[in-house]
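Each structure below appears as structure tokens.
Okay, so subunit A shows up in both of these, paired with subunit B first and subunit C after.
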Partner chain A sequence: MRKCRLLRMALFPLMFAATMALSGCWDIKDINHRSLPIVMGVKQTGQKYKVLLLIPEVSRSEMNIKIISESGITINAILDEINKSLESKLDLLHLKVIIFERPVAEMGLAQSIESFMRSRDIPNKTFAAISDGTLEPLFDKLGASSQGGGTQLYNFFEKNAGWSPEVVQTRIWEVYRSIDSYTRDVAIPSIKPGRTTTIESTGAAVIKNGRMVGSIDSEESLLYNLFKGIGTQGKIEVMDRATVKIVADRLTLSSTLREDQATINAQLNLKVTVLETVGDPSNVEIKQEIDEQLSSRFDTMLRAAQAKEADILGMGQFFRNKLSREELQHWRSKYYPSMKIKFKVHVIIQDEGQLKIR
Partner chain B sequence: MDRSIQVIAMCLITNLGLIFFLYPADIIASLSTGHWSAVLLGFVIHIGMVSVYIKGLSKCAPKNVIDLFQSAGNVFAFLMLLPLAVYFVMMLIITVRAYAEIVTMVFLAQTPLWTIMLLFLALSTLVSLWGIESLFRTSMLIALLFFPFLIIVVILSFQNVDWHYMLPFVDRKTATFSYVFHRPFLQSLFAFVGGFLFLGFIPPYVPYQSRKIIMASLLLLPFFLISVYVPLLTFGENTASKFPFPFIMAVDTVDISWLMFDRITIFFMISLLCFVVLFLSLVMWMTLQLLKRSMHFFNAPIASVLLAATVFIVCLLVPSWSNVEQMIWWNTYLRLYAAFVIPLVTFALGVSRRRKEVIRP
Partner chain C sequence: MNLPEFLKSRQEVDSDLFLHPMILAYQSVVLAGYRSLIDLPQTVTLLRQLTLNADAADKPLFDLKSGVGIPMNDPGEREVLNAIADGQMLIYSDISDRCMRLVPVSRTLSRSIESPTTENVVRGAISAFNEELDTNIGLIKQSMPTEKLQMQSYALGRDQRRRIVLLYVKGKIHERLLQSISQKIESLPEKDIPDLQALSDLLGFSKWTIITRYNTTEIPQEAASALAAGKVVLLLDRFPFALTLPILLSDMFVSQSDRNVPALLQLSLLVLRVLGVLLSILLPGLYVALVSVNPEVLRIEIALSIAGSRVDVPYPALVETLLLLLVLELTFESAVRLPKTIGPTITMVGGIILGQAVVQAKLVSNVLIIILAASTIANFAVIGVQNTMSIRIYKYLLLILSSMFGLLGLFVGIVVICAYLGHVNTFGIPYLSRWKAGRRYG
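Moving on, here comes the complex of A and B:
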């Protein structure tokens, strides 16, 4: 027993030492010796990539923003190069947004998205975005308005900050999922530097198997969000005779498959409040106007997507119970282009604002 | 005194520690649709073997497995239990090495492997030295501390699921069970076998009621299903099959803006690592019991330090993750032996002993 106690006494300091060493402090770099980029931009010139990083530098008195750029063969080579020349350690753990320049998306994102997913430090819930113009003006704009400490772009997408229902939110893992998926494509929000605001939303890019094949505008992005199940509350619909605000939405879908003809019945229930009327429309007229506007917008969007064989609404998901796995492989090419959708909008005018409608 | 609660806690802890890392990848690799069938099959095997094992033990209570096997002859016991001891040692090596690798992959990217392995081994050696009663008391403490975190993370992990990925529900491979004798499924049994053999070693030190244990084992089924289905429903089969640790990936996608911590994965990892350390100490204690019985010159502290040192050295010799996977595969025969032969022999011995006692009371 004494021996046992002796051993315990010997083991305890050893353990204590090991715990000290392992409390996460191995090769620790303090926070003031790290550069924590918030936004990463990726562009392609010829065979080479160029990476821009937006790094906020906080000192006691003020907040500065540093923009670093470097070019090289692969993104990781560039990051390594930047790390080499930086006086502090580059730490991508808090990267919030990755912006691809439009040509990169058109060439194909698969390679870079895969390397982001593989990396240990880039979180897979980082937002993806596409820049409509070149990246430099956008970064200059972001850097110049240093009030938010470089977080404007993140806040722009963040649901509890500046996000609005016509802005698409897409994270890296969603893009990665769509690359191999049989039945689901993805839209990545596109942005450009705003005229008076820092950023302006220009809709979204349609990504099929990691490659940009088209684009949708902001109004269509709203429908995309609707199908994705992200609330559209707060969106304002402007029509000829009235302007309404969406207060609640509910979408129910059912699918049928008869002789290789896929059909979707979609019923959208909207609750709106009236903000403005032009002339003297009745409730019924307002409802009808909303229905027509949304249905026609939806039809154009779907037709464009079907022509590109890009299933951004994830309609294929609703046929997973009707098709086998082998058939699902051909969903995009065989069933989706000829898919019919019956889109019905049922509008409830919850209230008419502070004024009565005739 | 009935210590069923402690045994139940230990049972849950050891299994949970093993479920969430390697198991989902194996199940996802073994099938392309209808993963529920593989999970359920594994689970039925698990429950079946646990019941057989416990039944056999209860026939000859309060003896433990070693006593029981020795009552049938020393040579017999030695031959039967030797593979089990080898299996335990292999399991120690694999678990320590694999989990150290997982830790560096998920959050301690800078830390060298040997320190993590040393920490695991030092902690578990210490806990196992304190004896089985304190081991079980620790299990209660750890369960109380970490179950809430675990449950919260498991609930939150459903944030990004799309239930349509559940379908197609069945295909030919699922219906015919043709996946059973292939490598991924056999490897997935790793998660089941590790967690129940201790039930035979703890009597008479820690008494328990067999019925309660089997009921509690049923609680594990949702966790087995969740560990496989959350990544599948989040990513879809095509993408989920690309990850070495699908569940961790799925938890990584969870985004909660009101939580001040960015990654809930860390909570999850820390709680599971505590479970794993406890599991390691339990396995270490069992191995020592086996060693002590067969070779009397071993006394506890020296033997356990020697065992830990051996495991540590072997772990250092394993260079890469693919070697770890290879070792898990090599261990399959021993695992099948531990999963099927030991419970069945226990049952047979238990029944025959009972009969003898009935004949000459």
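Moving on, here comes the complex of A and C:
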């Protein structure tokens, strides 16, 4: 009993000392000794990559921005180089947006995206974006107009801040998934510095297997978001005879495969509010106009995507249980280009505004 | 034994002892007792009345039937001293060796019934226990008028006799709990009980525990409700608190006076207190974990503003937090010691030091001040002062662990605390159990 007690009393300081000695807590760096980049830009010049980082510089009273750039053979080598010359530790865990210059995306994102996923320094939920022009003017614009520590670009994509339904949100894990997936491609939003605003959305880039093969415009991005299930509430549709606001949407899809002919039945239920009318259109006319406008826009987008064999809407997902793994390998080349889609729009005019429609 | 001579020699070493000669019922007698405990003039008036009655009934003075006192036949030294130490008075005759003791009119040596000083009641009875044991028993009996209320009385200690009363409600109490408690108390009748730690030693509780195994309350209503729930209440002489056994986690969150508000409000009070405990334990550790080990958990806006507030702070987050916590703990401790008249001074000085100067001197970040202020306020949301103390301790464990292992350390610390709470039990009744009168435990 006595011996047991002594042993226990000896064990406690030993445990305490061991925890202290083995914890490695002296390597921990406090938050004010870390640089937290928010935006990373990647461009390619010849064989070399160039990386730009937008880092908020904090002090007690104000927040400034500094833009750091470095070039090298690989992105990780560049980051290491930047870390070496920074006065604080580079911590990429708060990175919010990675912007690729358009030529990089056209050459292929596979190498850089894979290195981001592998390194674990960068969160998988970081947004990916493509810059239409060169990166430097965009970063200068971001740096010049930053009040909130350079978070504008992040807020631009953030759903509870400045996001709007025409802007595609794509995170780097989704890009990584599309690189290896047989049945799903992805669109990455493209941006450029705005004339009066900081950033301007210019639609989205169609990425097939990590390589940019085409682009869709803002209106088509809305349909992309609709198929992704993000929602289109608040979007205003302007037509010839009326302007309506979408207040709710629901999309139901079903698929059939008969003799290698893939068919998708899509039914889009929309609830809209009438905002403006030109002349005196009836309810039926407005509904018909919405149907025609959306269907034709959808057809154009799908046909363009089918021509590029890029399944950005992820239609192949609906045939996963109908095709074998070997057949799925050829989804993009064999089944997808000839896939038919029956797109029906069912519109409910929930509210005619304060005025009556005849 | 020669009583007159023994008492005279005793008087030489104990000047409080009076020997008052007088004539009672035509006999010359001497009254003996403690001046500080006995109101002599009142007692003499009472005594004269009693002897007149005895005389009228033709009963001899030193007889039980006279109704004056209880006769003592050839008492020993010990017996005499115990009687007068208890506050009784001796009457003995000068000539013959007759002697008796009686209960005199005693001086009032305790305060009247006041409102509680360490607890506050918003809605409910506000009279509190005081130092008089019999008053305390009376207060409980008044809050609980039932014949099922039973009690056992003990006097413990060799040199100083201290009365301990054990109250319970027949039919509600677990017999095994009652038996184990009374067995423990009866096992060491010679043990002195100067303080609660000695009592907890007597009851066989470990010395190295963070959680005391009894809940203390100042309010008779609370003690009565504990009795009604089948718990045991211990009352000590000269101790203005009732001890209820066993203690449960819920004692920290639920009080009897909550029952005086509607159920929905009761529930929200309960949630608030639980939240208070969690905040108080977690916040300092969380701050250190987020600021130094896992800043990626924060939203970027907060991360930047915290980083901004910590610019130029020379110490790591742990040292910074410990520094300010030390000042806070010192403030608590000195607030207890300070006389009431200069109490507000410390609040003012402390407020200035903690609020503004320490931030301007760039010793700590102002986010930390907010965190610690919130944690401190939350600390006192629980019921009972003794409970706030244990919560204050847990905070440091989490602080150290999260400074080393970040959020992981914080969660490991919570697991350690939960494991510790799970191990605590009072006579086989787990601390974490949900109490129900009549349920079988242990």
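Just so it is clear, the second predicted complex is superposed on the first by the 348 of 358 C-alpha atoms of A that agree within 3 Å, B and C clash if a C-alpha of one lies under 4 Å from a C-alpha of the other, contacts with A are read in each partner's own complex, and residues count from 1 in each chain.
One rule holds for everything that comes next: contacts are C-beta pairs under 8 Å (C-beta built on N, C-alpha and C of every residue); 3 or more make two chains touch, one makes a residue touch a chain.
Please read all numbers here as calculations on a predicted model, not as lab measurements.
**Q** In the overlaid three-chain picture, which partner chain does A:84 touch, first (subunit B) or second (subunit C), both, or neither?
**A** A:84: touches no partner chain.
**Q** In the three-chain superposition, say which chain, subunit B or subunit C, touches more residues of subunit A.
**A** Of subunit B and subunit C, more residues of subunit A lie in contact with B.
**Q** Of the two partner chains, subunit B (first) and subunit C (second), which one does A:195 touch, if any: first, second, both, or neither?
**A** After superposition on chain A, A:195 lies in contact with neither partner.
**Q** Return first, second, both or neither, reflecting whether A:356 touches subunit B, subunit C, both chains, or no partner chain.
**A** A:356 contacts neither subunit B nor subunit C.
**Q** For A:123, is the partner it touches subunit B (first), subunit C (second), both, or none of the two (neither)?
**A** Both partners.
**Q** Kindly classify A:258 by the partners it touches after superposition: subunit B alone (first), subunit C alone (second), both, or neither?
**A** So A:258 meets neither subunit B nor subunit C here.
**Q** One more residue to check, A:38. First (subunit B), second (subunit C), both or neither?
**A** After superposing on A, A:38 lies in contact with subunit C but is clear of subunit B.
**Q** Quick one: is A:14 in contact with subunit B, with subunit C, with both, or with neither? Answer first, second, both or neither.
**A** In the superposition, A:14 touches subunit B alone.
**Q** Once the shared chain is lined up, is A:96 touching subunit B (first), subunit C (second), both, or neither of them?
**A** A:96 contacts subunit C only, not subunit B.
**Q** Based on the A-chain superposition described above, do subunit B and subunit C contact any of the same residues on subunit A, and if so which?
**A** In subunit A, residues 19, 24, 94, 123 are touched by subunit B and also by subunit C.
**Q** Can you list the residues on subunit A that touch subunit C in the complex?
**A** 19-20, 23-25, 28-32, 34, 36, 38, 56, 58-60, 63, 91, 93-94, 96, 123, 148-149, 151, 154
**Q** Touching subunit A in the complex: which residues of subunit B?
**A** For this pair, the touching residues of subunit B are 32-33, 105-106, 108-112, 115-116, 118-119, 122-123, 125-126, 129, 162, 164-169, 171, 234-236, 238-239, 242, 249, 252-255, 257-258, 262-263, 299-302, 305.
**Q** Within the complex, which stretch of subunit A touches subunit B?
**A** Against subunit B, the touching part of subunit A is residues 3-4, 7-8, 11-12, 14-15, 18-19, 21-22, 24, 26-27, 94, 120-121, 123-125, 158-160, 171, 173, 176-177, 179-182, 184, 314, 317-318, 320-321, 323-325, 328.
**Q** For subunit C, which residues count as touching subunit A in their complex?
**A** Checking each residue of subunit C against subunit A gives 290-293, 295-296, 300-301, 303-313, 316-317, 403-405.
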